[in-house]
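The structures considered in this document are given below.
Heads up, the next two complexes both have subunit A, just with different partners, subunit B and then subunit C.
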Partner chain A sequence: MNKVTTDVLIVGGGPAGMSAAVAASGNDDVRITVVDDNPRIGGQIWRAELGKLKSVEALELLALLDQQWITLVNNASVFSNDGSSVLAETPSGRIQIEYKSLILATGARERLLPFPGWTLPNVLGAAGLQALVKGGLDVQDKRIVVAGTGPLLLVAAEYLTSKGARIVAICEQTTNKKLDRFALGLWRSPSKIVQGISLRSKLRGIPYYRNAWVTKADLQSVTIQHFGQTTDIECDMFACGFHLVPNIELAQLLGCEVADGFVSVDDYQQTSISDVYCAGEPTSIGGVEAAVVEGKIAGFAATGQIIEANSLFRARKKTTAFAKALDQAFELRDELKTLAASSTIVCRCEDVQYGKLTDHDDFRMAKLQTRCGMGACQGRICGAAVEFLFGWKDRSVRPPIFPVKMENL
Partner chain B sequence: MITLTINKISITVDEGTTIAAAILNAGVTAFRKSVTGEPRGAVCGMGICFECRVTIDGIAHQRSCNVIAADGMEVVTDE
Partner chain C sequence: MSYDVVIVGSGIVGAACAASLSASRLRVLVLDSSGIATGTTAAGMGHIVLMDDSEAQLALTGYSRKLWNTLAQELPADAEYEHCGTIWVAADEDEMNEVRRKQIVYASHGSDAEILDGRALRELEPNLRGGLAGGLLVQDDSVVYQLCATKFLIERAARYGTTIRTGTNVIEISDDGVRLENGEVIAAGVIINAAGVFASELSPELKIVKRKGHLAITERYPNFVRHQLIELGYLKSAHGSDGDSVAFNVQPRITGQILLGSSRQFGVESNQIDFEILKRMTNRAFEYMPDLKTLSTVRVWTGFRPATSDNLPYIGKIPGHENVYAAAGHEGLGITTSLGTAELLTSAILGKKPAIPIEPYLPSRTITEH
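Now for the complex of A and B:
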């Protein structure tokens, strides 16, 4: 087994992780290592297209990283910890990385909710489909419905259109009132992205429905509920995601305090464990601006650059307000709890149907009786679904937090 | 350009293409069979959901969205 020692280990190479690495490198005396489980650095929002980073911000950070003594390990899934080191599986075997400080920048994943047809092969996450297109999937002339909730729907629709797809409809489940309040608040938010995209989407003539949500999908169409009426929309692919949930499994494994599903941090982004920091989506879903500023603070704080960290507190405050606005604007409506039929699969890994779960009081009992959440993804997908459907929040985490080959355990 | 096989059929893709994208571009939608035999395809695109697992060069359960296509790779789906 390969063993590496570093001063600052950063898990996750997205906006938070890259920003943390650049900030940490301001201290010339520290060795920095960034590990990421995807093939290229950039995370999701800056995901490389066919292996090439396109975002100007990402390229600037990468250029800064290239000038420093930073070790970058791609395709490395951190699956366990051992004292002040983590274990990761890479295509060439297992590595152990010993650190003095650890920065968790593990990002977020899409929240996917079960409805009849959601396990069909032509139904994907909205960010999921976007990621696949960045990986080379050809969507030219494909008819696609984008549905769910959150600003990512517009981002995905805009991107897919630019790649030649025909977006037949965008269906946002939230109410006009909440969306309008959110749009009004954007002028004081750090992000103009959503506003800009919303406008461009309109200009391109893409039908955009609010108060609209999917009730079922098949291989040729999706059924949308909109002001009491259902409409079938023909499409080749259906991209559906319900905003984001944080990736906090590694933080939980390390024993960091978690409150309301997010990792608790202090002013310096330090978790309840000293020398373990957390930045970006795992602390609150605040988007790329929040991730960048929190990453910088964590990187400075972890390397003793306290004045630099302090100078960013005001900038971070603005992003916190934005995170709160996102939360309120894209709150899930109760009707979404009624979409799954008794035979609808909730746990995709173990094929556990909704009807098999309704008898149980908590996630633990459901797991023991049905294997819900015990498959390959370890509840990363169905965990967020059962939390919304049944209020089950007790998803326990134990190593390995990703499936690994026996020889690497 | 990169040439690989998907279920023994040769396909050429751009450099940097993921195996998941290559599979879909080849017209294959069933990546794996679920525990009850349902066909499943890629969902999250970022290595989280494990629905896009395929066999690559004889190694089973590879997340195809997280693997970049290389010349001569042999990919087998729907197992």
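Now for the complex of A and C:
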């Protein structure tokens, strides 16, 4: 087994991790290692842009990352900790990376909720479909309905449109009131309002429904509930995502304190464990700007650059407020808890139906009796769903936090 | 409300006792500090297996296996009872001698077992490496998803009138009943300590220690393994009572998943995964089944077996008590021996003749009264 030592280890090479690495490199005396589970860094948001980069910020970071004291380890998924080291699986076997400080920048994933038809092949996550198209899926002239909640719906719709898809409708579950309050707040966040406007103009002509949510889907259409009426909308594909869920499994495995589903951090992004920092979506869903500023603070703080870290507190105050506004604006409505029928599958790995779960008091008992959440995705999809549906929060985490080849354990 | 019997512990042993005693029209209460089957039962493998480490073990596993095979017809589908058999794998000629010895012992107990040569072994299990000497196929062994089997037993007990209180912590057992953490006292004619690894906390007379184990489960690879496979060296490993040990022990699940064991460690309290012994465990498995290396492993977990010094459970009255019984200390065989334990204990409590002699399992065998 390959063993590596480093001063600062950063897990995740998205905006938060890249920013942390660049900030940390301000201290010439430290060796920095970034591990990422994808072939290319950039995270969910920047990855596809690398090489033909639109984001100036990403480009700058990428240039700065090209320093000899920053080591990038791609295709490495961290599946466990072992003392003050982590274990990662790579195509060429297992590596162990020992660190002095650790920065967790593990990002977020899409929240999917069960409704009749959600497991059909033409039904995908909004971000999931976007990722598939980035990977080469052809959506030219496909009629697509985009539904769920959150800013990602607009981003996905814009991207799919640019790839030749015909977006038939966008359905946002939240209320007019919440959306309006959120839009007003955007004035305090200039770069975001520009983003918002350019998105809206590109999407002009596409019906955008608020207060609208899916109730079921089949192979030809989706049924949308909108102001007490149900409407069937014909489409070839249905992209449906309910905002984001933070990836906190590694933080949990390390024993970091978690509150309300997010990793608790202090002013310097340090978790409840000293020398373990966390930045970006695992601390609150705040998007790329929050990830960048938190990543920088963590990178500075982890390498003793306290003045530099302090200078970013004001900027972070804004991104934190934005994250809070996002949270309020796209809060899930209770009606979404009633979509699944008794026979609707909740856990796709283990084929566990909604009706099999309703007897249980907590996730552990449901798991033991039905194996809900015990399949290959390790509850990453259904865990967030049952938390919303039943209020079950007791997600136990143990290694490996990603499936690994047995020889790499 | 008073009860004829209070059972402390709702693992598979407590659940089986509840089902058996309530079927005999006793009013039963089951208490568990956590939920149903959340201790050793939840962590185990669900292998129903005949074992001949001692005459008494052979008698109890044989009797229990018979009870399982009868119960099988009533088990619900989610108990995933599968009559897949066990193959004891012999690596070399030395171990083939053990195969032949074992076959004779099993036959004398009325259990057919078939001796396999190296070729026959590979035909049955193509993913075993070449060059193994052979094995012993024990057809009548099975696997079961023990969690749903336990739920089935608890639900049966409940239908016969048993009351179940989970999240209820018992802090004291006496001849008159039990005392709970919240101060409540529950009176009962008979108290059964079925608290698994916690049994000796409540009944210090019972000498039960924790023996830690690791298990790993893969994604779905249907037919990769078809029988429960155990290396014959397991016996040495399982009962060499001092140091840490590992053995090749693999189980096919109905889902196509493969459950891999096993490790044994004494004197470890932490439930954390120990990567060093896990590595030894998987390496041992690769020696027998090299292609396991590339299978995707979804989960690894640990558990604690309630072990006694002579590898036999405590079943029967605890010395120095009038009304307190033990059903504990089943080590790694609790799933198999739960049903036999329950029947023996029911006979003892009702003063009936047991189906097999209970003496070898009585707590008094290793305990002197004080």
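Keep in mind that, in the parts below, the second predicted complex is superposed on the first by the 390 of 409 C-alpha atoms of A that agree within 3 Å, B and C clash if a C-alpha of one lies under 4 Å from a C-alpha of the other, contacts with A are read in each partner's own complex, and residues count from 1 in each chain.
FYI, a contact is a pair of C-beta atoms (placed from the backbone, for glycine too) under 8 Å apart; a residue touches a chain by one contact, two chains touch by 3 or more.
Since the structure is predicted, the reported quantities are computational estimates derived from the model, not experimental observations.
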| item | value |
| --- | --- |
| Touched partner set for A:Gly128, first subunit B, second subunit C, both or neither | first |
| First (subunit B), second (subunit C), both or neither touched by A:Asn38 | first |
| Which superposed partner A:Ala376 touches (first subunit B, second subunit C, both, neither) | both |
| Which superposed partner A:Asp82 touches (first subunit B, second subunit C, both, neither) | second |
| Partner chain(s) touched by A:Gln269 [first = subunit B, second = subunit C, both, neither] | neither |
| Which partner reaches more residues of subunit A (counting touched residues only), subunit B or subunit C | B |
| Subunit B versus subunit C as contact partner of A:Pro400, first or second or both or neither | second |
| Contacts of A:Thr106 with subunit B and subunit C, given as first, second, both or neither | neither |
| Subunit B versus subunit C as contact partner of A:Leu368, first or second or both or neither | second |
| Which superposed partner A:Thr283 touches (first subunit B, second subunit C, both, neither) | neither |
| Those residues of subunit A which subunit B touches in one complex and subunit C touches in the other | 350, 375-376, 403 |
| Subunit C-touching residues of subunit A, taken from the complex the two chains share | 80, 82, 87, 350, 361-362, 364-365, 368-370, 374-376, 378, 398-400, 403-407, 409 |
| Subunit B contact footprint on subunit A (complex, rising order) | 37-39, 44, 47-52, 75, 77, 109-110, 112, 119, 121-125, 127-133, 135-138, 247, 345, 348-351, 375-377, 380-381, 403 |
| Subunit C residues within the subunit A interface of the complex | 35-38, 42, 78, 147-148, 151, 216, 218-219, 255, 260, 273, 275, 278-279, 282, 285-286, 292-301 |
| Residues on subunit B engaged by subunit A in the complex (per definition of touch) | 13-18, 20-22, 24-25, 29-31, 34-36, 38-51, 53, 61, 65-69 |
